[in-house]
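See the structures that follow.
Each of the next two complexes has subunit A plus one more chain, namely subunit B in the first and subunit C in the second.
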Partner chain A sequence: MKKFVLKRVLISCLLLVFVTMIIYGVMRCMPTSYVEQQAMELSKKPGAKSYGEWRDQLNAQYGLDTGIVQGYFTWAGKAVRGQFGDSWYWNQPVTKKFASVIWYSFALALGSFILEIVIAIPAGILAARKQYSTSDYVITVLALIGISLPSFFFATILKYIFAIKLGWFDLYGIVGRMHDQLSPVGQFFDMAKHMVLPTIVLAIVSIGSLMRYTRTNMLEVLNSDYIRTARAKGLSESVVVNKHAFRNTLIPIITLLGGTLPGLFSGAMVTETLFQIPGIGYTSYQCVMQGDIPFVMFYMTFIAILTLLGNLIADILYAVVDPRVRVN
Partner chain B sequence: MDNNTEKKDMKLDSEQRVRVLSPGMLVAKRFLRNKLAIAGVVIIVCMFLFAFVGGLLNPYSQSQVFYTTDEMKKDYAGATEISDYQIYAADGVTLPSDAFSKTILAATTQKYVFETKDGSQLGLGKVSDSSYIMYAIDGSASASLADSEEYQGAAAAGQNVFTKDGKSYLFTEQDGQLDFYTGTEMAVVCQLSFTGYTAETQFSYDFYHNAIVAMADDETGFTADDSTYTIKQEGKSAAMVEDADGKDYAYISNMNINSVVDGVFLTPAFKEAVVAAIEDDKEEFTAEDKDGNDETYLLSQKDGQYTIKRYQETKVVDSYASPSKAHWVGTDANGMDLLARLMYGGRISLLIGFVVVAIEVVLGIIVGGIAGFFGGWVDNVLMRFVDIVYCIPAIPLYMILGSIMDYYKVSATGRIYMLCIVMSVLGWVGIARIVRGQILSLREQEFMIAVEATGISIRRRIFRHLIPNVIPQLIVFATMGLGDVILSEATLSFLGLGIKYPAASWGSIINAVNDSYVMTNYVFVWIPAGILILLTVLAFNFIGDGLRDAFDPKMKR
Partner chain C sequence: MSLKKKSANYISAKESREISKKNRKITKELEKKRNRKHIPEEEYITKMKNPENCVEFDNVHTYFFTDIGTVKSVDGVSFDVPQGKTVGIVGESGCGKSVTSLSLMQLVQRPAGQTVEGEIRFNSGDKVVNVVNAPASVMQKLRGNYMSMIFQEPMTSLNPVFRIGEQIDEVIELHNPEKSKEEVKARTIELLEMVGIANKEGVYQMYPHELSGGMRQRICIAMALACDPKLIIADEPTTALDVTIQAQILDLLRNLKDKINSSIMLITHDLGVVAEMADYVVVMYAGRVIEKGTAREIFKDPRHPYTIGLMNSKPVVGKKVDKLYSIPGSVPNPVNMPDYCYFKDRCNMCVDACDGAYPCEYHVSPTHVVSCYRCAEGGTANEQ
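Our next item is the complex of A and B:
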């Protein structure tokens, strides 16, 4: 087991090297005049460093003045030590900005993750138990609609109904206008209130696949021999479903969910941007739009790490949860 | 009855009795029984008709801009009280270059005889408080004129000019010293403007002179150039001049009224109405336009500057027009027909979906097929490569490429190709994994051993015997992938990175909601596009789902 995990981790590290190499290569595709122009504009901002300082910092950070391979190792060497340079747009160290925004994204993702599990798994099991019934059809169609919904369209509809027509929520932002006057508890609820709509959007658009996954797996389990045996023994239907079937359905589900755990930190670029939640997604959206290379490089590396981590966790969980699965 | 007898004669495995369906027919039959899948097919067919046939039938193109007329308050004319002296020179007279400034000085200091830069002497003969006649001084006259009747009369009337024996004399009185000058008339100086009845009307010097004198003397008429005119005084300093037939001939007033619209001539009647309105402090007045219709004008004043506005029909871009007969779904911000844009946007969205999925399938089959068939280190290397591509974060990458394309000002079509390439280069890994997984398991089956035993070439083994067995899964995945691609294209276009103006796409149409005013007030702009995306993606998912069931009845969805 240890050997397996170690091997996977090493492979992931190797993959990460290649992924970051590609990301670095893409960034190097940007015309140099673009970088210079950006640096020039940056230096015009009030309180910013001078053009020369920006350019020198960039060269030092990314090895822009050297070849692409050497430049990559310059950058990677610093990145390994956690030095990602200063964000152009935010005018502060990338890691500092990252630390200040990531928890918004995490809270948002965690909320929708819980909502998703609470709705999708029972619904999927219900659909599987009553296969071809009306409720099965309704759940299947709803799941497919959820999968097919463009998140920006759904978010706009929610905003239109709940923020504009009903006026229950604010259109944008994470805090209300009176946020500063509120007590700490009030501030918490103020922020929670602003998270409601984005959480619903995130949950609804991702609920469908988990629901269908649950249903498919539950059907497979319900059609298996040991369930027939359990029924033949004369166990009550609830025991059959809740004890024998449900636990076995959980194996693939936990594997899947475990794989998505790192994704909780990845931020939801579209949804956060639409609701202007200052999480990692919205922040990096702004950075991309402003051509903030240091932050975007960091964000892409971060996402790549999360993806690799997700795969790793899924693989390991698969082996851990199901003893039948041989490590190799 | 006949049927029954016939059946009795049939053999048990007669083809009429047991209809043997080919595997393909079985799949088709199962597929057709699935209501959701049929609904999906119907929706997709409708979408294609809407986008491709509808685009042909629709009378508008995607980039045709529509205009509408709008009643707008527009500046029509401006009016100011004349505070500067206007000089109307006699025919054939050239005034010294500084005559104007010297005149103003003379009028304010009341030193009516003055010298200009070029040494000539000029004199102002007072007609009324703000009207003078300019003379060129020929020389001094004897002081004996002081005894003449004409001088006495002029002095009594507060004037400084008189005519004696057909000659004009000016006099100045300074410190008890009385000087007389003889002069020739050069110009009329006054604070009045003259408007002819038509734009072509030219006034002679005689007319100016006599009109001003007549106005100063409160006379009701005057003669100029052998015609008689009547003057109708209106208010303090305005007068309408009528010709002998009683028709309006000219309008004289102390207001300078000019049109701000090019090529519009303001008639005396209009000016008369303006002056009347100003004097009565009215904010609105009516005047006849050139066709004789009454038109309402608005008058506003600021710092003695009057502005005359009127409602005017102007041609404006018909943006965000509500749905109507001409535009069934209304128009967008640029005044383009939304229905046409939805149709052309649908073409692009559907085409991008198919192109991207086609490239993905080809790439996926090649890489996945090779990896699965050869296994070992080839498999390892290829699959690690797949892992790498899988790890590249798509949206930030698109965004970077989008801004690079912005930087190079790539055309709208160039962006579409670029988008297709990037999406397929990042998207094929899923298909490669599926193909590889399938092939790995198929490879171990007996028929592959048989194929190997017959000694067929490797390429044939892969592409004739393995790939066809992967096709069912591939079709399912590709159908659902179509939906995904359309969805991500819409998302990118929504973020402003995919399809750009003037090309349309469903996502970029919804992009309008970034302006929350549009989102609130023009629901018809973004709802239809959103529903079209939803329906299309949903339909592809329905079909994919139905196909999966049909291909693999064991799984039962």
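Our next item is the complex of A and C:
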């Protein structure tokens, strides 16, 4: 097992090099260039140097006067030492800006992730146990509505009902009007309260697929021979489903959930924008639009590491739940 | 052409919808009756007709309500399994052998599959349970403890994520809650040894995928024998195995049967296995019993044309034939069964009476019963 993990980590490192190389190449080839925009603005000032001169000077300043390959290795050389540089757009160290916004997104994603699992898996199991019953149809239809309608639709509906009609929550923002006057505990609950609606929106749109997935797998498992064996032993239906069937249903679900690890940190651009939450989704979107190479590179590398890590964790968990894939 | 098509398996979407609507109504009512919170004991506690029997099947009907119509998988099956004896059930694929045994365990895939009529009386020693009406809680006490089943697919019948030991321990623990962990494990090891597994401590720790088919079938047998059941249902226990293992498994079953004095219901389409193992033989065709008797009677003096055909179609060592005999034609469509003898269309021994209704049972000897008009003379009719 140790050998397997070590091998996978080494392969992941190699993959990471190529992934970052591609991202860097794409970033450099993008039509929006931060330097060109800056040069344009600076050259418009009275008595300024010409656009061409500014561009060359800024290119040299920002390290863009080299070729893509050389530029990549300069970036990578610093990145392995943990130096990701300053964000051009935000004018502060990349890691600092990242740390200031990521937790909003993480809290949002974690909340909706937990909500999703808690609702989708039991609902999927229930639908499978009572296949073609009324409850199965109700759950399936609700899941399909969740999958097919976009998040801004639900956001608007929820805002209309809970913020405007009932007035339970604020329309948008991460803190209330009286935030500064509250005690630290009160501040925490104030923020948590503002997270409720976006969390629900994110959960609604993601529940459907996980629920359908659970239902399909559960159905397959429930019709298998070893479940009949378990029943033939005289086990009660709840033990059959919750012990014998559930462990087998978990196998494919875990691969799916392992893949959602990067999703916890990647942010939800549309929902964050709709609720005006200063999360990573919205921030990274702005950076991409501005051609802020250091920030985007850091963000993308971070997501790439998480994706590789997620796959590795999924593989390890796979071996934990399914003895057939255990590596000797 | 279109008419011909209609009479076959083809039905329109409208018809199918109507059928499934009707099915839902029927199954819903049956399920409602089954899922009642409290089912009074009088409904499922009965008496055996003959206390010497372990199981009595009495006019059992198990239907599957499918979208193309009701499939009468088991359609009025009656036979007895005496205590301490082996009853072989033979017949071709799809004749209802397995469904009969699953009905006895109440393991038919519900809600589509339902035992709608008849009684299956099971003698558990102190009480006689009519399995058809028994609630799930009573069945759970019977299954694995008084009656157990060996399934035909050893490769898929064990749960892949649990160790062999855990899976056998589970059934012992369930029915003997007073046993301590060590006692349970000791019993499991004992069982593994009994079914002829040499490396018992090692196998206890293994997962099913680490064992071969024959080993897995032994594990299934060990699991079935764990609580010394009164009845072992072996549903084609050797079909998936090669011949050398087959003989070993059959020997094993026979020895174990003598050791714990239980009855065996042996379901198979291998006549050789039946000849070797069974005391009584039941021949099924298209969901009905067409002939039953002692093994000797069935093999020496088969009366029903289907049984005769079955005997002829088995290869005999030392007998030279150009082509192995096969019964012509195929089984009628299970959805629309004819109202005359089901075997008539394939039968080459028809008499005039065969045009009439389905033949009733005729006794050729006290133990030998045949459902064929050819046995009407000399045999005594039995009302069905």
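Operating definition for what follows: the second predicted complex is superposed on the first by the 286 of 328 C-alpha atoms of A that agree within 3 Å, B and C clash if a C-alpha of one lies under 4 Å from a C-alpha of the other, contacts with A are read in each partner's own complex, and residues count from 1 in each chain.
What we mean here is this: contacts are C-beta pairs under 8 Å (C-beta built on N, C-alpha and C of every residue); 3 or more make two chains touch, one makes a residue touch a chain.
Not measured: the values here are computed from a predicted model.
Legend: residue contacts after superposition of the two complexes on their common chain; A:247 is shown touching subunit C, with no touch to subunit B.
Once the two complexes are overlaid on the shared chain, A:235 sits against subunit C while remaining clear of subunit B. When the shared chain is aligned, subunit C comes close enough to touch A:321, but subunit B does not. Once the two complexes are laid over each other on the shared chain, residue contacts for A:226 go to subunit C alone; subunit B is not touched.
Counting the residues of subunit A touched by each of subunit B and subunit C gives the higher count for B.
In the superposition on the C-alpha atoms of chain A, no part of subunit A is touched by subunit B in one complex and by subunit C in the other.
Within the complex formed with subunit B, the subunit A residues making contact are 11, 14-16, 18-19, 22-23, 26-27, 29-31, 34, 131, 137, 140-141, 144-145, 147-153, 156-157, 159-160, 164, 171, 215-216, 219, 269-270, 273, 284-285, 288-289, 291, 296, 299-300, 303-304, 307-308, 311. Within the complex formed with subunit A, the subunit B residues making contact are 36, 384, 387-388, 390-393, 395-397, 399-401, 403-404, 407-408, 483, 487, 490-491, 494-495, 507, 510, 513, 516, 519-520, 523, 526, 530, 533-534, 537-538, 540-542, 545, 555-557.
Partner subunit C is touched in their complex by these residues of subunit A: 223-226, 228-237, 244, 247-248, 251, 321-324.
Contacts from subunit C toward subunit A in the complex involve residues 105, 107, 109, 136, 139-145, 148-149, 151, 153, 156-163, 170-171, 174-175, 207, 209, 220, 223.
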